[in-house]
Each structure stands twice: as C-alpha cells, then as structure tokens.
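In structure tokens below, several structures.
What follows is chain A paired twice: with chain B in the first complex and chain C in the second.
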Partner chain A sequence: MLTAVVTLAALGLVAAFGLAMAARIFAVETDPRIQLVEEALPGANCGACGYPGCSGLAKAIVEGAVGIGNCPAGGENVAHTIAKIMGVTYSGGSERMAAIVLCGGSDQVARKKFMYNGVRDCASAAMIFGGDKYCRYGCLGLGTCAGICPFGAIRMLPGGLAEVDPAKCTGCGKCVDSCPKKIIKMVPAKRTVHILCSSHDKGAAARKACDNACIACGKCVKAAPPGAITIDNFLAVVDYGAEIPEDVAGECPMNTIVVRKEPSGCESCAAAAAGGGAV
Partner chain B sequence: MPKLILIIISAVLVNNFILQRFLGTCPFLGVSRRVQTALGMSGAVVFVMTMTSVVTWPVYHFVLVRFRLEYLQTIVFILVIAALVQLVELVLQKMSPALYKALGIFLPLITTNCAVLGVAVLNIQKKYSFIESVVFGLGGALGFGLAMILFSGIRERLDLGDTPLPLRGTAIGLVTAGLLSLAFMGFTGLVKM
Partner chain C sequence: MKKWRFFGGIHPAYSKEMSSGEATVEMPMPGELTVYLSQNLGAPSKPIVKKGDTVKKGQMIAEAGGFVSAPVHAPTSGTIKAVEKRPFPLGDDMDAVVIEPDGLDEWEEGRNVERPIEGLDAAAIKKLIHEGGIVGLGGATFPTHVKLSPPEGKKIDLLIINGAECEPYLTADHRLMLERPRDIVEGAWLLAAAIGVERIVVAVEKNKPDAIAAMREAVKGRDGYVVADMDVIYPQGAEKQLIYAVSGRKVPAGGLPMDVGVLVQNVGTAAAAFEAVRFNRPLIGRIVTVTGSGVARPGNVLARVGTKFADLIEFRGGCSGDTGKVINGGPMMGVAQPSLEAAMMKGTSGLVLLRRDEAGQYSGGPCIRCGRCVEACPMRLNPSAISIFAERLRFEDASEFNVMDCIECGCCAYVCPSRRPMVHHFRRAKAEMRKAPKKAG
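What follows is the complex of A and B.
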C-alpha cells in the first residue's frame, strides 16, 4: 500500500518537475496583444468569423491575417476596442445585421394537425409530418434557436413563437442554421417593417392554416415604394435594401406585417435603452 | 531481425489496432471525414505510440516490477503517457513550429487514447523485449494510420454518393468500418506469432 502510494507520487512528481522545467526551457514567446484582443472579443466562441473560436480570431487579427472589424458578433464597439489595442484606426465596417423569425403563426392563430408529444426540439418535430402545424412553413415553437443562441437574444413567446431581440442579437447567424424550417433570416438591424410569414402556399390554403398568413393579396406592394415589397410565389417579401414607411403595416388585411422597433417587446429593455443604461 | 519484421507485419495487417483489436475507434470515426485530417492524426499517433513504447517499457520493468506494483500498470501508464505527450507538445512548439501546426490539436487528443494505452499494455502481456516493444509500437501506429487513411478516403467518396437519408453520416460510416474490418480478416493466418 505505502509503496504504491509513494511510487505513484514519486512518478507524478518526476513528471510534474520535468514538465515544469520543459515549460521554462521551451517557453514560446507569444505576442501579448493576442491575449488583450481575445479579452476584448465577446468570448462566446460562436464561430461566426470562421475561426474555431475567439482565440483563433484574436491570433489572426494580431498577425494581420484579417481586419480588426472581423468579429460579426462584437460589431462596432469591439472593433473600436481592438483598434485601440492594435494602434490603428477603425474606419467602420459593414452594416449591423440582426436575425428575425419570419412567422407570426402563434398558437392562437395557426391551426394544428395533431398534438406533438415528442422530444422538445424543432429538428425532431419537423421530422414528423413536417411539424404539428397545418402550415408547412410555420415556427414549431420548441425553442431550438433560443437554446443555440450564445447571446440569449431569442426568447419564446407564450404563443409558441420565437422572437429575436434585435438589441441583443449580434448577427452571428447560428439560429439561421439551427432552424429546420429555415424561416430565420438575417436582416439589417435598422429596418423596422417586417412581413412575418414564410408560407408559399396559395392564398386560400394559407388562410385556412393560419389567421396571420400572407395571402399574397398585393395591398402592401401597392402601398410601399416601387420594388420595396414584391410577391414571390404567393408570399410578399420585403427588400431590406429599401426604406419602407411604417404605415404600410396598416394596409395588411391579415395583420401579417408588423413594425418592430429596437429594442422590441420587453418593456424593461426599452426603459433601460431610454435611460441610457446597459441592457 | 526476422521476428521484428514479423511483429511489424502482424501489427499493421493481421492484428490491426483499429480493425482487428477495435482499439482507437473514437478517432477512427471522429477525425476520418477528410484524408488531410486523417493524415495529421496518423502522424501524431505514430509519434506518440512509438514514444509510449520507448517510455513505458523501462517504467514497467525498472520501476513497477522492482516494487512489485504490476497491478498499477494502467494508472501509471496513463500518467506517464499524459506527461510524455505534454512534454512532446512543448518541445515541438519550440523546436518545430511547422510540425506542431501539422499535428496541432491531435496531440492532446490522443493522450488517453485506448490504442496508445493498448500498445503499452500489450507490450507487457506479450513479454516483448525493449526493441521489440518499440517496433511493435511503431507497427501498431502504422496500422492505425493505414486504417485511418483508407477509411477517410472511402468516406470522402461516400459524401459524394447518393446515400439513403437515414444512413447518411455516421451510420454509413459504421457500416463501412465493419466491411473494412471484414476485409482485414483476410490477412488472418498470414503471420504466425
């Protein structure tokens, strides 16, 4: 017993001592800025930049492989902090994007084919007859996107819909990939008018499945500036490159079009934003 | 000398670590999606398995046998292998950044790999001498590499094929691995050890 303990401890000590010496002798000097840049990055390791994690991007930025504004999640603030560390000026990057779930079919308005009692995961639900809603394009409401969001920007509404908070969304795009229905889109965060429907079903069929469905009546197309909204395969689609006046939303007979301002829904966030506090 | 050649042939073909002993199936399925990563992994395994044989043999025969602690071999081998891999990683990072980059993430991954532990234990079970142990470690690793590269080549082609939906990914990978293992059974009896 004693020999066993002593031998193991001795072996461990020898190994530890050897490693400690080796770490001393073979220490590789790294650029101290890599550490600083990594601390400035969000640290969510979301992978939206294309590197394995924040440390990978930090290394690439310091080595000059990519520009300082290459963290899609961090946006302007992070870019400015990194600019300070790197001693360069940040000239501004691309437009800030935010995700949006293009479905307005909550449990109150969208009809269901059956009761889904399986695994609480959208991908699983989508495998059974394409989900429990009549509408093949509807949000399944099981929160796979909310679970995958590294920034807690997606919450599940009581009606079984996912909602993205554009103020918290960093535009990493993880939810877009996670949605089995492919109804989450990345749009410029400053846009406020959205058509919350992805159904390409014909008008009558869409209306039967959901009270908030786009029936492709074309009223919004006429009310909006030319080309800003188009009908694509029985679905009105917003061209996010164009400015759309907010009163277009009132034209929609199905209440599919909504105006969503930043920050959405939650009152405490709005109050915090108004008071200038951090959300 | 002929025995050493036989040990290599046996370890590579007849008693292949992955396909006949079913050791190291985790990296076999995990990093075999592309030939490039499979090559990196195989390189790291060749390195670590040979080094493991070099180090564990003396530790067993000069430390454990001496204190009659043979029953501690598993835990001691894991300790020694983990420390060794760490050391190799440190040295590589300093001496050969190119090699470090190539083997990179694979080195820490295989510290506690069962194929690596397996080679250390088998060396003892088969009562190999020091030279034989080292050759067995090298041969086993080469066999590991052979299986990895064959399998990743097949998987790259499988990705392009029209696999039925329920079989796609790991499922067809496992079926392929089974067939590959079956093919290697053809080498049975090639070498009498």
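What follows is the complex of A and C.
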C-alpha cells in the first residue's frame, strides 16, 4: 500500500518537473494582444476581410500587416475596441456599408415562365433557362443569400424575395458573391432611397415581365438632384454618393423606388451592438 | 448465349408503341425557320449571312467556329429575316439565323447530285463529312469529323453503329432503320473507311425485332458486319455502356471510347454521312418523334432543322387537351420547354408531350441512404454521396467521388424513393468544377 503511494507520488513529481522544464524550454513567444484582438472581433469567421477567419485577421492586425479598421463586419465599434488594445487612436474609416437586394419582383407582381421543381438553390435554379421568372434579372427567391449570411441579416419575404435588414447587415459582402443574378449591391447604410429593379430590358418588355419593373421613363431623374439618378441602358440607377430627397419615391409610376430606413432610437443602438459589438 | 448488357441500369416504361408503327411523314414547309448557330457540342458556328440575304437550300450560312465545331446550312431557299437571339431549347436565348422560306425549296448549284464514292480516301471522306455539317445525331451533337480524327498512336479497331434507342417514347432511329437500312449500312461503311476499321457492330435493342431484321437484311452478303440484338435496359444506348455490352472493354474514367479502340456513331449519323458524301446533301433535316399522350396524333416527322416546336405539334394535330409538359428529347434525359417558340436542332430526336397528370410535381426530400441509386448507376458511381455533397455546396468532395464521370442518364433520380433532383445536383457540381481553376498535378 505504502509502496504504491510513494511510487505514484514520485512518478508524479518527476513528470511534473519534466513538464515544467518543457514549458520553459519550448515556450512559444506570442503577443498577448492577438488573443485580445481576436476576442474583440465579431467571431463570425465570415472571411470578408480576406483572411480565413477572425484569428487570421487578429494576427495580421497585431503584426501590423493591415490596419485596425480592417474588419468590415465589425465596423466602428470593433475598430475602437481594437484601437484601445493596440494603444493607438482610431481616426474613423470608411462609412458603414450595407447590402441591398435590387429587385422588387415578388411572386405577386412578377410573372413566371414555368414551374420550377429542382434543387432549392439559386445558382442551381439559374442554370435552367436562367430561372423561372420572365425577367432574366430578377431575384430567384430560393434564399441562397439568406442561408449564407453569417449574421442572419437576410430574410425571405413570403412573396419570394430576399430582404436585407440594414441594421443587422455588417457589410461583409458574402451575399453579393452568392447571388447568381448579381443583384445584391453594397451601398452606404445611411442612404434611404433605393430603386428596386435590375432589369435592363426595354420599358415594354420589362413591364410585361413585372409590375414593379423600372421602365426607364425618367421621371425620377428629373425629380432628383442633377446626376443623382441616371438611366443606364433602360434602367434608372442611384448614385449612392449623392443625397436624394425621399419624396422622389412618390414620382415613380411603377412603385419601383422605395424608402428604406434603419430603425431609430433605442432599437437602433441595440441592433448596432448586436451586429457590430463584441458578442 | 451472350448477355448484351452492362452493370446497373433501369427498366422504365418504354411507351414506344404510340409512334413506332407510324411511318415517317415529311412535314410541309413552316412559315419561318429558326436555325441556331449552336447546333453542335463545342464552339458555336460563325454566321456568314446577314439580314436581307437570299439563300438557296443547302447553302452554308455559318462556318465552323473552331476544330470542334461544324458548319450550318440553310434548310431551304428563302430570305434571311434576321440574325438575332431567339428562345433556345437547351437554355438561355441563343443567336439564330431566321429564314423566311420562299416556297421554291431550290437546291444550291452542285448540291443533291449523285457522285461516286468508290476510291475516296480517308481524308476525303472526313472532309466531305465536315463540309456536310454532320454532328452526332444521338443527342450529344458532337461534330463527327472530330471523332473520326483520333490523335496519333490511337488505333481504332471496332465501329459500333448505335441503334439501341433506349430512351423511352422515342422511335426516330427505329423508323430510320426500318425505312432506310441501306443508307445506314453505306454510311457505316464510309465512317469505317475514314478510320480504317473493318469490324462493324450494329447494336439494336431486342424490343425492335423488325429493325433488327431489316438491318440483317441490309448487311447480307457484306463482310465485317454484325447486327447485335442487345438486352432491353436503359441506358443501353449510352456510349460507354454500349461499348462494354458489345465488346467487354471499359472506357477509363475521364477517357474517351478511342482509348479502348472503339468508335460509336448513331444510326442517324451514319445515314446523314452517307447523304452528305454520296449526294452532297448537307445535314438540314432529320426524323423527329412527336409523341406522348399530350399530342393528338403521335408519329414520326421528317422535319427541317429550324422548325419550331409549335409547328411540329400543330402538324401532329396539336395538343390533346390537358397537356402539362413538353420535353425536348426523351423523358429521361430531355429538357422540359418553357416556350414552344424554340425550334428543333440537328440533335433533336423527339418531342414528348405529357398530360398534366403524368407530369408529376414534387419536391425532393433528404437522402435516406437506401442505396438504390448505387445499384442503378451504370457508371458505378455513388450518386447518394455525390448528391449530398452537392447539396451542401461541397463541390470538391463531389469531384473526389468522380461526379465528372456522371453521364446524366437519370437512373438514380428514377429509382430514388425520396425523389431527389439528383441530375440537377450533379449538373451544378460539374458546372462548378469546370469553373474552378484546375489543380496542379
């Protein structure tokens, strides 16, 4: 009995000494800030920064390879936190961007050319005659972008359209790449006037395919400040660099132009904290 | 007794009796012909006519756009109405030469005249086949002259003339074998001469005894021909499956029939090659089966390339009332059509119209790992695993499981109790892998 206890205790001591020595000799010097920065990052591993995940970006920031404002998903809040860790001042980066799906062709207003029965994925659906809508530019409504969004900012409306919640959107841009129709754009989150159509079809053809299509009548161009809205190949396009008064939306005979605002007040800061802060 | 078959496969309802007894009838000239510039696999053809030009029947209107491409010829005489995008039976709108027939149907000078074929050497035959715009008429529309030009060092010793016609409903090849067996045999001889082959197997499924008898009659007294009565199993007419069933040779993964010394050509291709070489008639028409319970009078139609689906259906008495689906090709590998404004091409072997109650609408469920698709896959792939990978967008893994060897025959989808859209998954995976940059090594 006694022999067993002593033997085990002795073995334990020897092993502990070995481990303690090994920890000293083979210790790897790491900057403690890397872990702090990684904790400050959103942790969604979305890849929007170009690094494989948040730990990759944390290492790059601490090593000085990229700037502290390089997490598009985290935005201002995260940049300020990282600035504190790194002991530098954050001078403010580019403005916050949010995604928007430029299509208003829900099942109620856009006509379909056949019954789609295949894989529930937009890119797969687009392989079959370009999708089931007459409009070859429109949202296919199968929710590939909603499924890929790391922040749960995209929801599918009952009419088969994807809608981005600008408060939850962090601007990582994953949805932009996932859309086979390339109708999701990154725009400054503060802009409120949007033209929800991507169809370059001529007016008559566009109207035939969808009740909410832009027919390039040009009314909004006249109502908006000069240059803020232009017609590009039968489609009115917003220049997001310019401020557009909200009443321009009322000018559109096709109800293509919408005003979309971020929620205000307390809701807004809660959402910002949820989307951009360290969770 | 030799078993003429391969691994896997299925036995769908063949439904060929609707049109197999109907003799081919020539279709009257439609009001407009839509001749696509992408009639073949490979590079699209380049138009050499413009709006307002007048053309003669058989005149070349588009030249080959590369080596793997074939020229396109005017199916009749008339005026070029437009060269523009038109609805296309295989996908997005496609550039087409639209011809308004003048009703005279006049051949171009030098066309449609008999010329001697004795003494033509291999290069001359290949040239005439290329100039005739001949492509594989089994459906894949691979330019025939490319198949006849194996690279140095590849020796081909067996030509298989494919008259299996395993796709349900279709009877175009069946009628061709009954009505023009000698043209097929002559064409097969030309194709064999072009590659220096002396053994020719004409493979026909057993469910066409009259076609087998007709072909046997046509090859009587000629050396080197065998008419094989193949087992009736889908996809017996698929190239690699047919090669194995006939010769026992296995085409390696990612390889071509020429790797095992075999060339496969459809019966229609052989007949078209004969016409092009012997009579200088380019490929401007073919037999199309218009069938199914959704059409009033199912039958086989000799129609010109560019005839709109709507005209074809109209010619067979129109829709039978409750038509729910129109398929370009057969029900296994064909493509359902959103528009009847699309027109037939060189590779269009049939138009199948299904009633609304036959064209089931269902959505696929999750894979239950029952393994039926694994037993049915004639390529010995694991469709279950591949479809699950594709569903999760893991295309690299799908590629590891050899999705690129899938022939899209649809056997897996046919037997799937969960009704998964298998082939759609595989097409997506293949498209993604083709887009992805090739890995080194």
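Here is the rule we use: the second predicted complex is superposed on the first by the 237 of 279 C-alpha atoms of A that agree within 3 Å, B and C clash if a C-alpha of one lies under 4 Å from a C-alpha of the other, contacts with A are read in each partner's own complex, and residues count from 1 in each chain.
The rule we apply is simple: contacts are C-beta pairs under 8 Å (C-beta built on N, C-alpha and C of every residue); 3 or more make two chains touch, one makes a residue touch a chain.
Not measured: the values here are computed from a predicted model.
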item	value
Touching partner for A:A4 - first (chain B), second (chain C), both, neither	first
Touched partner set for A:V88, first chain B, second chain C, both or neither	neither
Which superposed partner A:A65 touches (first chain B, second chain C, both, neither)	neither
First, second, both or neither for A:D121, with chain B first and chain C second	second
Touched partner set for A:L13, first chain B, second chain C, both or neither	neither
First, second, both or neither for A:A22, with chain B first and chain C second	first
Touching partner for A:K113 - first (chain B), second (chain C), both, neither	second
Chain C-touching residues of chain A, taken from the complex the two chains share	113-115, 117-121, 123-124, 127-130, 136
Chain B - residues contacting chain A, complex	59, 63-64, 67-69, 72, 75-76, 79-80, 82-83, 86-87, 90-91, 93-95
Touch list for chain A against partner chain B, complex	3-4, 7-8, 11-12, 15-16, 18-19, 22-23, 25-28
Residues of chain C defined as touching chain A within the complex	91-92, 336, 338-339, 361-364, 391, 393, 421, 424-425, 427-428, 431
